[in-house]
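Shared chain: subunit A. Partners: subunit B in the first complex, subunit C in the second.
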Partner chain A sequence: MATNLEFIKSASGTNVSSLTVTDCFSDKYDVYDITFDFAGNSVTGYIEFRLLDSTGTEISSAEYDVAGLMMRSYNTYIENRSVNTTGYTIGYNQDFGLGGKLTIFNPYDSSSYTFLLNQNAGGTTSAGQLIGWKGIMTHKVAETISGIKFFVSGGGSYDFNYIEASVFGVK
Partner chain B sequence: MSDKSNKYGYVGVDIPAQSFGSNKGVFNPAEINDLVANNQWTTFGQLELIETKTASASSAVNFVDIKENIYNVHFLTYSLIPSADDTGVIRFSNNNGTSWIASSYQYTQQFGNSAGAFSNLDATSINFLARLGNSTGTGTNELTAGYYYFYNLGDSTKKNFATMHTTGTDTSSNYQMTFGSAVYSVAEIVNGISLFCYSGNTLTGTASLYGIRYS
Partner chain C sequence: MAGSLIKIDEEIVTSAVASVTLTGIDSTYDVYQLLIKNVIPETDNLGDLKLRVTESGTPNSTANYDWAYKVLWNNGAFFNQQNTNQGELDLSGVLGTGTGESQMANIYIFNAPNSSEYTFFTVEQMNYDKTPDFTGFNGGGVFTSASTVNGVNIFIANSCNIASGKFTLYGLKK
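Up next, the complex of A and B:
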């Protein structure tokens, strides 16, 4: 039975297009909680997520299955799902700001797929409207995962005004 | 940072800088207390109980000492039953509970129940943050329960976000759930959280508020 959270490490950046948290998983925990908050800039949109392999290399192969519900306070909800995709769309943000949490299962176990739960609250432009996100992801290769990466999907002027994440082991 | 004062068991040498996960030396109780106060002492258990409230036909369950200056992420659990059919909701305070904010909220919650009804509950301008459940009944065990995460309550430069997942029983005895997100769209410090029935009924049950240190 899980009894508490144990802080492992945090990372942050300003005016960056990505944030990588390296060597945050180990054989000490099976389950991890990751809190995060960020704001994109006025033209940033979808926010992406990938895992890092045991060497710290970003996994960009088509090894992810994902499903999520994009919940807009101002419009209909949108299902966001894909199989054999190269990453996970974790949320949406311009400069509204966003706060959320991931739970990741079995990342360090080389004999298991890695599974993820995601829920966050973000939005559109700074004076705009709320976009919530609830989703799941699995990385369909049994290998050791050592870290994570958040990044914006647009390139160019698409950016995070700020981003910070903290990793906890669930003990 | 280092100095040559005598502490942490060192005498006359550069003293290692102390931080969470990297404490070096031999520590006396006073030194440990100082390091704990400065978030420099390594101790695990970062999900920290702030307060548990027990309600008995209460008009509201209010948390007004939420330690928002310590925690960037708060975690709320609750298990409540209203005195009559009603929907529980949340509001924030920016003055330690002297008054409760009734504007500038948005929420979006996916609703579903065991009778097969699924729908979207949402608003772009509403007088409460979000729902604790949806139209909870008052029969035996017909309570509303769930959890919320709150983000950035102590940061005056950021909007105040929330995510939630709720469960319970509705007024027709259908088992129901909601999950979703919410925001108080004003960048200011929030220092109070109130749980109450939207139509004025009372609540009975418990609620606990936790902080996640180093979040």
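Up next, the complex of A and C:
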């Protein structure tokens, strides 16, 4: 039986500070599921996320509205929220590893904002600390989005030991 | 998860309707997924998006819906929203018609066709509301009646029509 969740592409990297998945959106789908997992080489810093415009250029203008709840097994929860920010903090840098899923609405529709649901969980070797994350993001410019980028906010030594992402279209 | 999603029913609203009903839930699948996309109300600042289950295609409006959400938003402290014994499941804050003020949701439905179990929902939702603030519900709901549920009915409170939107029901292949 034909199914309605179709694999589009995947990308991966080792010892990199960012991962870009290009040309993963098209007019064939309007909703996408993206699975991702990584392990960091550090236990500090946050993982950031941005969209790529129709030319493949990273969108770093203050065009994102975001809200995320960082749920820690070992401490109080932290609320991350911002209006007109330059990217989306998607999770924490986890050397135990982290896995999650994004659901993205409307990326290829040049007449709509792009919306994103995010959930993930990961941990660090320092006391085996778990961090779960639930969040939302919108890119509030109506334009065609062609891809995505994950990157480590600390840069330098705060890179990914590995990272991989797979994109699926929902018909 | 790859290749595991089967489309059961879909309605694309392009002119105003009072509600949308999607049916086809039965014992073929244990878990169903409801995707709601780009919902815009006909009237600004009138009502929240709501959901009722259907039994034999008829919406059940009895006071058997409970929910609990953490509400995320971009402009202030997050807060809890919960209720019990309501006549429908709440799916959003008050909807608006301004630029970008559309509604998205990803909902999983459990036990629906099982006449001996309650029907449970996990809810992930986001929208620009009528302010417009960017908000999202994260949590779950339950229909506390052990009955055979065959679908969902989606509408906006206070008799507000749905001007546009896309509603798709999937089964998760066993």
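We adopt the following convention: the second predicted complex is superposed on the first by the 162 of 171 C-alpha atoms of A that agree within 3 Å, B and C clash if a C-alpha of one lies under 4 Å from a C-alpha of the other, contacts with A are read in each partner's own complex, and residues count from 1 in each chain.
We take it that a residue touches a chain if its C-beta (ideal position, glycine included) is under 8 Å from a C-beta of that chain, and two chains touch if they have at least 3 such contacts.
For clarity, every value in this text was computed on a predicted model and none was experimentally measured.
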- Message: Going by the contact rule set out at the top, does A:37 touch subunit B (first), subunit C (second), both, or neither?
- Response: first
- Which superposed partner A:7 touches (first subunit B, second subunit C, both, neither): both
- Task: Applying the touch criterion given at the start, work out whether A:97 contacts subunit B, subunit C, both or neither, answering first, second, both or neither.
- Result: first
- Task: Check whether A:135 is in contact with subunit B, with subunit C, with both or with neither, and answer first, second, both or neither.
- Result: second
- Name the contact category of A:46: first (subunit B only), second (subunit C only), both, or neither. neither
- Query: Thinking of the overlay built on chain A, is A:168 touched by subunit B (first), by subunit C (second), by both, or by neither?
  - Reply: both
- Query: In the superposed arrangement, which partner chain does A:117 touch: subunit B (first), subunit C (second), both, or neither?
  - Reply: second
- Can A:69 be said to touch subunit B (first), subunit C (second), both, or neither? both
- Task: Using the superposition described at the top, list the residues of subunit A that contact subunit B and also contact subunit C.
- Result: 4-7, 35, 69, 119, 134, 168, 171
- Query: Any idea which subunit A residues touch subunit C in the complex?
  - Reply: 1, 3-7, 30-31, 33, 35, 65-69, 79, 81-83, 103, 105-106, 112-113, 115, 117, 119, 134-136, 138, 140, 142, 168, 170-171
- Per the touch rule, the subunit A residues reaching subunit B in their complex are 4-7, 9-10, 35, 37, 39, 69, 71-74, 76-77, 96-101, 119-123, 129-134, 166, 168, 171
- Which bits of subunit C are touching subunit A when the two form their complex? 1-7, 35, 37-38, 70, 72-78, 100, 102, 104, 106, 124, 126, 128, 134-136, 138, 166, 170, 173
- Note on the structure: Touching subunit A in the complex, subunit B uses residues 20-21, 44-47, 72-73, 106-110, 120, 122-124, 149, 151-152, 158-159, 161-163, 165, 179-183, 185, 212-215
